[in-house]
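Sharing a structure, written as structure tokens. Questions coming.
Order of writing sets the chain letters: A, B and C. Residues in each chain are counted from 1.
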Amino acid sequence: MEEFAKFRHQLARPIEDKIRELQRHDRLKHMIFGSQLSPEILEKLRRNADMIRNMARSRQGNDRLRQLLPHKRAMLYFTQPSTRTFLSFMAACQILGITCNEVRNPETSSEVKRESRMDSIRMFSSYFDVIVMRSKISDFAECCSYMMNELENQEMRAIPIVNAGSGSDEHPTQALLDMYTILRTFDFDETSASARSRLGRLKEKYSDLKPGPAGKTYLFCGDIGRGRTVRSLAATLAQYPGVRMFFVAPAHEVLKLDAEMKDRLDHQGVDIYEFTSLDAKLDGDPILSQADCVYMTRIQREHNSKETEEQIANIDLAPFKLTPDRVNTLKDYAPIMHPFPRDSVVGEIPTEIDSDPRAMYFRQARNGMWARAALLVHLFDAVDSLYLAYHDVFGRAQD
Amino acid sequence: MEEFAKFRHQLARPIEDKIRELQRHDRLKHMIFGSQLSPEILEKLRRNADMIRNMARSRQGNDRLRQLLPHKRAMLYFTQPSTRTFLSFMAACQILGITCNEVRNPETSSEVKRESRMDSIRMFSSYFDVIVMRSKISDFAECCSYMMNELENQEMRAIPIVNAGSGSDEHPTQALLDMYTILRTFDFDETSASARSRLGRLKEKYSDLKPGPAGKTYLFCGDIGRGRTVRSLAATLAQYPGVRMFFVAPAHEVLKLDAEMKDRLDHQGVDIYEFTSLDAKLDGDPILSQADCVYMTRIQREHNSKETEEQIANIDLAPFKLTPDRVNTLKDYAPIMHPFPRDSVVGEIPTEIDSDPRAMYFRQARNGMWARAALLVHLFDAVDSLYLAYHDVFGRAQD
Amino acid sequence: MEEFAKFRHQLARPIEDKIRELQRHDRLKHMIFGSQLSPEILEKLRRNADMIRNMARSRQGNDRLRQLLPHKRAMLYFTQPSTRTFLSFMAACQILGITCNEVRNPETSSEVKRESRMDSIRMFSSYFDVIVMRSKISDFAECCSYMMNELENQEMRAIPIVNAGSGSDEHPTQALLDMYTILRTFDFDETSASARSRLGRLKEKYSDLKPGPAGKTYLFCGDIGRGRTVRSLAATLAQYPGVRMFFVAPAHEVLKLDAEMKDRLDHQGVDIYEFTSLDAKLDGDPILSQADCVYMTRIQREHNSKETEEQIANIDLAPFKLTPDRVNTLKDYAPIMHPFPRDSVVGEIPTEIDSDPRAMYFRQARNGMWARAALLVHLFDAVDSLYLAYHDVFGRAQD
């Protein structure tokens, strides 16, 4: 884009340099890339999210949460439609007392008046304290964060930028909520009292079981090739040692694991296996019985070319549906995840599964709200206040 | 609808069984049908509404009201457009400190992605604490309430559902606000001090006058056949003893009182009379001079078939206009109501009437706000807190 | 408009009579016309705005601000699209704790149902405590304020009306924020401590320099003929003595200073000069070096007829661009203003200028938020509470 020309050199840098510019010491200034989610950052955000979720259970806790950031005003700039992510951010803001404003119409009056996108964003930054943006334009959020850093260097007003989905590749807060769900599930620790006992009970059956995401097997099923949530989540999980990944997708160029991603994961030390059915076996055992976590996805239709669409329409999707029989073969603790929406026509997860205790997808959606609230507390550098509030409510800081 | 198939048996039950499922003891869990508004429930909601309205008069009272439910987040899911009902619910929420979120676009991205409606609603229930929904699909709100009850039975997160207008038949909160207006008007008690005296004064002229909706004559005029507000209100009023109803409508199949409704009201013991002009007489006296309450409606145009539209266009609507001369024949205390909007071209209520003290329609709209706030307090089981707050502000609970 | 017929006589009165009706003693009841912004009212609003902005710097100040009007609910009725003004009002409301509601779709369901506009507005006034309206219909806001006054006279509920842009002529809150920016700039007093010294330093170079808008030279450049912001601002500045104005516009009928406005300013005692290039000289000196304030505008395209558009497309706009060379000739203190959006294709202010300390346009946008908050405090008669809160935060009322 013409108007991003100014940031050409910054855009061309290796990701490590970019990540460094987006942090201040150990804290994120802007949330732009999934790869900013290091295990250290994830651990910080998980703690925030756990505190927020616990506080939100009581009226008193809720009241304290709304006292954290009521002086902040958020702009939700969603020129690419998204009900789910939008509402999740709205709810996250409201939990913290942040007031919300929105721009959702891609054809704003300003574009008619030939205002540059960067002028619009800077104008918003005059009125608001954080901009959460979702756009079809890949580099837009990234450039905005560079503009903010530049303003900060000139000692002018600058605010955090959050990428809520840009173009077809990055959707870092989805990776965040997926990781939060995984970290919680593999904590085996719903409430601290029953913690040991739950892990203890599970160990009777699964003797090697250890807490945490390391050393586990993740099964991804469905639209592997184009699912940006799969890409981001796999890349993030790959940071943990001893991880094995099963990719289950139709044998179609567009849907299966692409070479570039395979290389990258391989390079990160992941054990990768590809299958074309959920009923496949590895070393004689069904893959479903080996998975510690199942991540289902919808075969996307809205991005297809007409040609691809016809090809995909002819694929038998039965091998990629999580039927009750298949669910029965899963480990007792293996979470069933899905970034949602699920396809009610294809039915990759039939509604009968919804009442299975491992069905995590609605809780996963709700986790999005806690994880995004955790991120906002982090970006606004209000973690100290959160700890204080938590201590006031529960009589001790969370260990 | 395919996706409601699961609830087939529940949908087919008699209304009494449904109503029972929507309550817990004497409290509504969901607000779906006008027939949930029994005199007992109406009396509870009237008390709530009166307290809220009184508190809203002072800054201190307002502050206490906003402390009632600030930890709650509402989703206003209005896929059928409605400015008035929408804003009234927004305002009701804001009075109580509830934060609002909205979905107003019927073509959400999720539908493109073939998400089922029930998935959408369950997803919203992850983020929000009540869903107020207006939809063209008749059974949608009802099915959502059953889904919530099912989740509750499974000890999962469940929230109240409010029907803000579904399909062409149900609009229970409109009936609620109409009834609230009638209950207030026939209380003859604007402030407790001058209460007796006002009723006393009126009794000098209308010796039989008693407080309350029982034993009164209600005149409905305009679009009787298709006005869902008329249907709901008439059915609710029919619960009170000794009620007489005048229906004044053009002699057109589509506009006049339909046989089914007539039967139902008849069965409920209502004395029913039909007329084709506001100037009609009954037992020698003008019907307008006999009415205790006049409920005007707009002849709807947006639901007509082309054929019907032409027929209606040829009807002389003069006999259905509340001209100043006609207003002069009304009883001193008879409220003039209208669910609004009124038709500025037809002018079923000309603007000259607006300054008449009996013109109740703008206050009726404002009552919608109090009545809806009252309903939310009831659904969230916060009546105790409301009484406490009222007591703090006024030094005594309302008698 | 048919429905404004009722207000025919009021609409035809001289502006002085209108202004009187819109005030109560020395306070505005409604904000409809730019000419309501007398130097006295401007001074009051400037004080409010300065207090609000100072308080907004701290968490404590922010908390107190949100306690000023949390019991008020605003309706932002923007049937003419406007991102900027809309968001600025939203932010202003949020600063003061006011909850916001909006109608932004010109084709509301009510219009389909033939509701009159005045009925809509009166209905909104049932739910909300102020209506901020932007409409294509010139007299709409004015008529609404008369309706409110009429209701007030009948001792019925009435609320303030704010004109946020009506038709092509009035946009009083834009004039307000422009004036606030000018008043602040010519205060030469960023913080009270360094105040004298800044004016002192400037006086070494510009010996005649005095604080305040009187006696200064204002240069307006661009779309003089149709820019309603230029019209309003020039008319407001003309109230101060000894003012000189330079109008720099292409020599096109539609773009240059029109006769009527020229007459009016002339009548107000302004020294008027017209030029067709920013490089023009007056009395041998470049006009840019003589200006105390430069107000740039965008050549509007969206209002042009096809014919005019072609003519304007052929005009060389180079003489109306504020290039770095031209900026170098400006006085050290001369603010560069622009009502925004700027045209990114024409580039009347190139982005290189953005980091110049005199570039005021983004701060000007932010001033819009403070100025509008100041106006709301004034309209709600909450100035006393603002002073009290300011005193609590800073230990003294602002001098």
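Here is the rule we use: a contact is a pair of C-beta atoms (placed from the backbone, for glycine too) under 8 Å apart; a residue touches a chain by one contact, two chains touch by 3 or more.
No experiment lies behind these values; they were computed from the predicted model shown.
Undergrad: Using just the Cα atoms, superpose chain A onto chain C and tell me the rotation angle to the nearest 5°.
TA: It is a rotation of 120 degrees, to the nearest 5.
Undergrad: Do the two copies chain B and chain C share over half of their interface residue numbers, or under half; same or different?
TA: different
Undergrad: Let me have the rounded angstrom distance from the C-alpha centre of chain B over to the C-alpha centre of chain C, please.
TA: Distance between chain centres, rounded to whole Å: 43 Å.
Undergrad: Do you know which chain A residues sit against two or more other chains?
TA: none
Undergrad: Tell me, which parts of chain B touch chain A in their complex?
TA: Those in contact with chain A are residues 3, 6, 70-71, 73, 75, 99, 101, 103, 108-110, 112-116, 118-120, 122-124, 126-128, 154, 157.
Undergrad: Could you please specify the touching residues of chain B with respect to chain C in the complex?
TA: Result: residues 59, 62-63, 66, 81-84, 87-88, 90-91, 94, 298, 300-302, 340-346, 351, 355, 362-363, 365-366, 369 of chain B touch chain C.
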